[in-house]
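Labels A, B, C and D are assigned to the chains in the order they are written; within every chain, residues are numbered from 1.
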Amino acid sequence: MRISRHLAGLMLGISMIVGMPAAAAELVINADASEPSLRKSWEGIVDQFRKENPGIDVKLNVYDRESYKRSIRNWLTAQSPDVVFWYAGTRMRQFSKPGLLEDVSAIYTPQAKAEFGPVATELMSDQGKQYGVPHSYYQWGFFYRKDLFQKAGITEAPKTWSDLVSACEKLKAAGIEPITIGSKDLWPTAGWFDYINLRTNGLKFHQELMSGSVPYTDDRVKAVFAKWKELLDKGCFMKNHASMSWQDSQAPLYQGKAAMMLMGNFITGNFPANVADNMDFFRFPEINPGVGRAEDAPMDALLVPAKAKNKEDAKKFLAFVMRPDVQTTLAAGTRQIPVNQKASVPDDRFLKAGQQLLSSADGLAQFFDRDTSEELATVGMKGFQEFMANPDRLDRVLEDLERTRKRVYAN
Amino acid sequence: MSSSATPSLPVVTARPESWWHRHQASITPLLLLLPALAAFSLFVLWPIASSLWLSLHDWDGISERRFIGFDNYRELFDDRVFWTSIVNNIWWLLAFMLAPALGLAIALFLNQSVFGIRLVKSLFFFPFVISQVVVGLVFAWFYNPQYGLLNEVLRAFGIEGISPLDSETGATFAVIVAGLWPQIAYCMILYLAGLAAMNPEVIEAARMDGAKGWRLFWHAVLPQLRPATFIAVVVSVIGALRSFDLVAIMTAGGPYSSSTVLAYYMYEQTFLSVRYGYGAAVAAVLFLIMNVYIAFFLWRMLRREQA
Amino acid sequence: MADVRLNNVRKRFGDVEIIKGIDLAVEHGQFCVFVGPSGCGKSTLLRLIAGLEKVSDGQVTIGGADMTHVAPANRGTAMVFQSYALYPHMTVAENISFGLRMANTPKAEVEQRVKHAADMLQLGHLLNRKPSQLSGGQRQRVAIGRAIVRNPQVFLFDEPLSNLDASLRVQMRIEIGKLHQDLGTTMIYVTHDQVEAMTLADRIVVLNAGRIEQVGSPLELYHRPKNLFVARFIGSPTMNTLPVQRTGGDGDGMRFTLPGGAPIVLPTREDGVTLGVRPEHLSLGTGEDATLQGQVRLTERLGSETMLYVDLGSDVEVVVRADGLSSVRAGDTVPIGVSRRSCHLFDSQGAAVINGALL
Amino acid sequence: MFPTPIQDRSRAAQAFYRASLIPALVVWLLPLVAIAFTSIRSIDELNQGRFWTWPEETRFVENYTAVFTQSPMGQFLVNSVLITVPAVALSIALSAMAGYALAKYRFRGSLVLFAIFIAGNFVPFQILMIPVRDLFVNVVPLYDTILALVLFHMAFQTGFCTLFMRNFIKQIPDALIEAARVEGVSELRIFWHVVLPLVRPAMAALAVLVFTFVWNDFFWALVLVQSDEVRPVTAGLQALRGTWTSAWQLISAGAIIAALPPVALFFLMQRHFIAGLTLGATKG
């Protein structure tokens, strides 16, 4: 392989000529915000940072979410930028544990900790140290068509599981698909699992399950699927969901063919003008009154790779993003809820509802595919999809999950 | 040839030779091969070896690689999705064997000389030229239960709401059909070339012997098309085993991995489940399967070379 | 002065030995032709001289200099290929001058040499054409022109006429002969056509299975073949060979029995098993030394002569060259006269015992 | 020659044959026809679920301009060109050299080398994915650059191109090369002045063919790059599908735009293209 090494050397030379970022004062930020509105907001934030720090040459690279996920490991182990966008909680700790992240505890002043509150601070912490800054989060819940609910004779948004079931029955009777879902991307199914589990078994059990310390064959897990099956048996979900992406699955909602959808708040940006006024939000109904109310609220964060070249300016940027005024601006642009509690929530009824929902919650989960290992998440979400199509295969699905759990969390 | 006197010109004489002069005939081929070989070694040969080695490891892309011997392969053996991929790859292979047959049928249909036939032929070839991304897009749309043409047509027969990409039994075949479309076009072109290069005397002789229709086709035409058939089968096998684009675009292996193939499953294991070693093991299996065909092709080529 | 000498030259391709130890001297100015059946190694031998193949063993000298390991270009040779080897993308002039241009020869000299060659070969009006616009004969001339411009010490021709039709072949054969006369250069010429060999050569080398069977002038080979192979190879139609049996001594010679039982006395004391006699040396009618009897199976009337295929019985057939107006017809039984002056005798190994007394 | 020329058939058969060509073509290309129609439909028509009828009003200009103004499609196209053209040129250059060496020089291992190129060309390229990506991330830091795709395609296509060039050069008479050798032309000059001019048609055929291979690549575009600034049109289009959820008129127009360059090239260079593709399909 001597030849190939020579060629590699040659190409290294070429690549240097072509030009890789090298200048010391440059701050490279890799972001997973390619949706136009997100991109625009972040570009605005970066511009503002540039103005405040004229000495720093900021470079913002924007990638789409899926390819970003494929690359994050590369960036943490080689070709590291100075700041990466990522997720809070388990997904962050996955990288802080092997020492791939820079400890940024220094920018967590007592004041900052107070502004962010214990929940957010804890999500950014690993063994008492902070490894990043959260910039925003959003709530999950039902987005529904008021007009269709009315048409089906549903006067009030469902508060309990039985309300939901009866709403489903009424909608079906009125010739309306009760719930739309697109499971081609798999993760929309996980929202259902998360919520039924949170409402049935509570946050603590959910976290134990996510961290691999409870077997998936546990009866409490089976109870979740039993609830889920009630809706399936009644035909509450759109058919053909396996061939629809989550984007595709919105269409029936806007066309007036389907009445509701369990989704993150980011969907509100897609509401077409002609139906926006008819859209509304309600939180996932109560199932087991005994358990506290926890919500799925995926939190996005900025981290500094341990191999970053310009950690100084990176931390400066993180501190900048922590500021209430910056988080306010950001939230307005991205239509998300700022994490800094001193920042103001954009004037948007869904976000206001979201903030109210989350601030009064007994706890937050990050979402199935962020709370557990990637491998388990992949197997699990495929399993949920399979279960939705064939509820009778539940045992096999759970066996697969359990086998994976055993391997992943073996050591 | 005039017999004019030869003007005196310097005579070519033996010159002393430099080292380069004496050895250029043996060095030149090496020199010419070097760039291609270097590029090929770096980006093809070494990665194959590296992948095979990686398949004996457990690696998540960040922590240390852990050597685990054949554990990945042992796990594959118990992996339902892996077997689904194998079965689906076999379906792809079998179905793709239709491509040479259908390609030949279309080639025969178009092998006439009427006005504009050249344009028709090249239009028939279109599906092969366009990207699989576009093909996948078009077919995903074709199958769409709400507004796809398939359902428009079926509705005319009173069948409603068929959604092939949703169904664990139908998805693979729906994707295969999309894959066949360009593949048939490819085979068609191969056969059109084969038909054009046919020795007309053999056909004439067969006609003189009274062969007609099927018998003529079977005994005089098909044997002459053997080279085209060989290539058509080889490219179809490769196309079937490499199939990734359409699966990724149309179903992403779903629903619940029922339409996945080895090529896609390795991608999924690597990037979604972040199991590099396991993904490499899936790729290695695909590589081993493909090696059967590569060996067959090489054997045939080299035999021809020796003849 | 450029003579070509081969000392024990061998060539192996893998395990197969194609040239099995050849010693040969081609003197300066000689026109030497290699003939032999296909696969005998004659083209390989030529390519060894040109340097296109490397000898496995032995030595090649040209003009006294050892060329065994010298590159083809530096041996002072020029080669005309069977396929002409013209570059389809170059004009005639470019083809002819290619080698010179690649050697950075001054432009004026290139032009002069091309003009000279073109004049010699009457190609002047074709210089700007591409090979595809030329006839076969013209292409052949261009190929020769390419050799001429290099002013070589030795010309090598590899079956140069085999791609031409019959009448052109005769014409070009004559032109090549004239070229040799004009230039006086050493030429080595490979062919499987014995007419070319006979008409062009000063010396013919008969090759068989990688070995030289015989070297000599055309008439020598014709009249004094050293063995059955050469005897059969040279001459058309081929020499008649008849099995004979020695029956005893007779004065200075030996008595042999011909097919049919007729005796003939040949001037030798040695044994032989095959009698060779060329068709033109057999005559219809009773012979002075012996007479054969046979039935005419087939007549080939060529106008100037008639070939009679005569069955002597017991699976022996001879060809007799008779007069063009001969009245003999198939089915006739005819006597055939044999003169011992024209008889060759070969022993059981095929080596010639006697070669008659014509030359 | 086969089947029986239609001209020898009855008038009715001829008419039927001619008449059947167009419907056959339409059915065969139906998906493409539909996508072309959709690309000029108005969004209203699509919202009414009219996908398969004749478009009522054509929005050709609007839709196609929208593709370029509302998405980085223009950038994707430029990227595709920047990736494809050098990759094609380089792989053809490398393979012409290698093909010549393998076809016209006898040396030990030449057949083995040839076999390696052929085998490499058939390898399921998924097996290369992790190491090649790793190489561009860790060894030669070119991940997410156009150069990474250029280099990889260059190397990978070299396998197929070498197979092709070697077989083509093999058909060139040895005498043409030997004649030059006897005339003292150096080996490299023989390659340049004799061999290259003779293989020009093969290179043209190969260029067109490899152009479509590289242009249409999706897998490596997914694996080796991710920014819009370097993404080729295939991966770009797939990414846009997420953004343009039900804007089928835009997706269709994008698809048409992505398909256009190879289709145009195919039409312009049809003879070469088919010659390249069918190499070996007519003899052997």
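To be clear about the criterion, contacts are C-beta pairs under 8 Å (C-beta built on N, C-alpha and C of every residue); 3 or more make two chains touch, one makes a residue touch a chain.
For clarity, every value in this text was computed on a predicted model and none was experimentally measured.
Greatest Cα centroid separation from chain B: this falls to C.
When the C-beta pairs in contact are tallied for B-D and for A-B, the bigger tally goes to B-D. Separating the centre of chain B from that of chain D, both taken as means of CA atoms, is a distance of 13 Å. Chain geometry summary: the mean Cα position of chain A and that of chain B are 39 Å apart. Work out the mean CA point of chain A and of chain C, and you get 91 Å between them. Averaged Cα coordinates give chain B a centre that lies 54 Å from the centre of chain C. In chain B, the positions touching at least two other chains are 24-25, 37, 39, 42, 46, 146. Shown for chain C are the residues in touch with two or more other chains, namely 71, 74, 78, 150. Chain contacts: chain A has residues 8, 70, 74, 77, 251 touching two or more partner chains. Chain contact summary for the complex, chain B toward chain D: residues 24-26, 28-33, 35-37, 39-40, 42-48, 50-52, 54, 108-109, 111-114, 117, 120, 122-127, 129-135, 137-139, 141-142, 146-149, 152, 181, 186, 189-198, 200, 203, 216-217, 220-221, 227-228, 230-232, 238, 241-242, 244-245, 248-249, 262-263, 266-267, 270, 276, 279-280, 283-284, 286-287, 290, 293-294, 297-298, 301-302, 304-305. Residue ranges of chain C in contact with chain D, taken from their complex: 47, 50-52, 71-74, 77-79, 81-89, 98-100, 102-103, 146, 150.
The touching residues of chain D, when paired with chain C in their complex, are 173, 175-176, 178-186, 189, 193-194, 197-198. Across the complex, chain A is touched by residues 34, 37-39, 41-42, 46, 60-63, 80, 140, 143-146, 161, 163, 165-166, 168, 171, 251-252, 254-257, 268, 271-275 of chain B.
Residue ranges on chain D touching chain A, taken from their complex, read 47, 133, 135, 137-145, 147, 151, 222, 226-228, 239, 242-243, 245-246.
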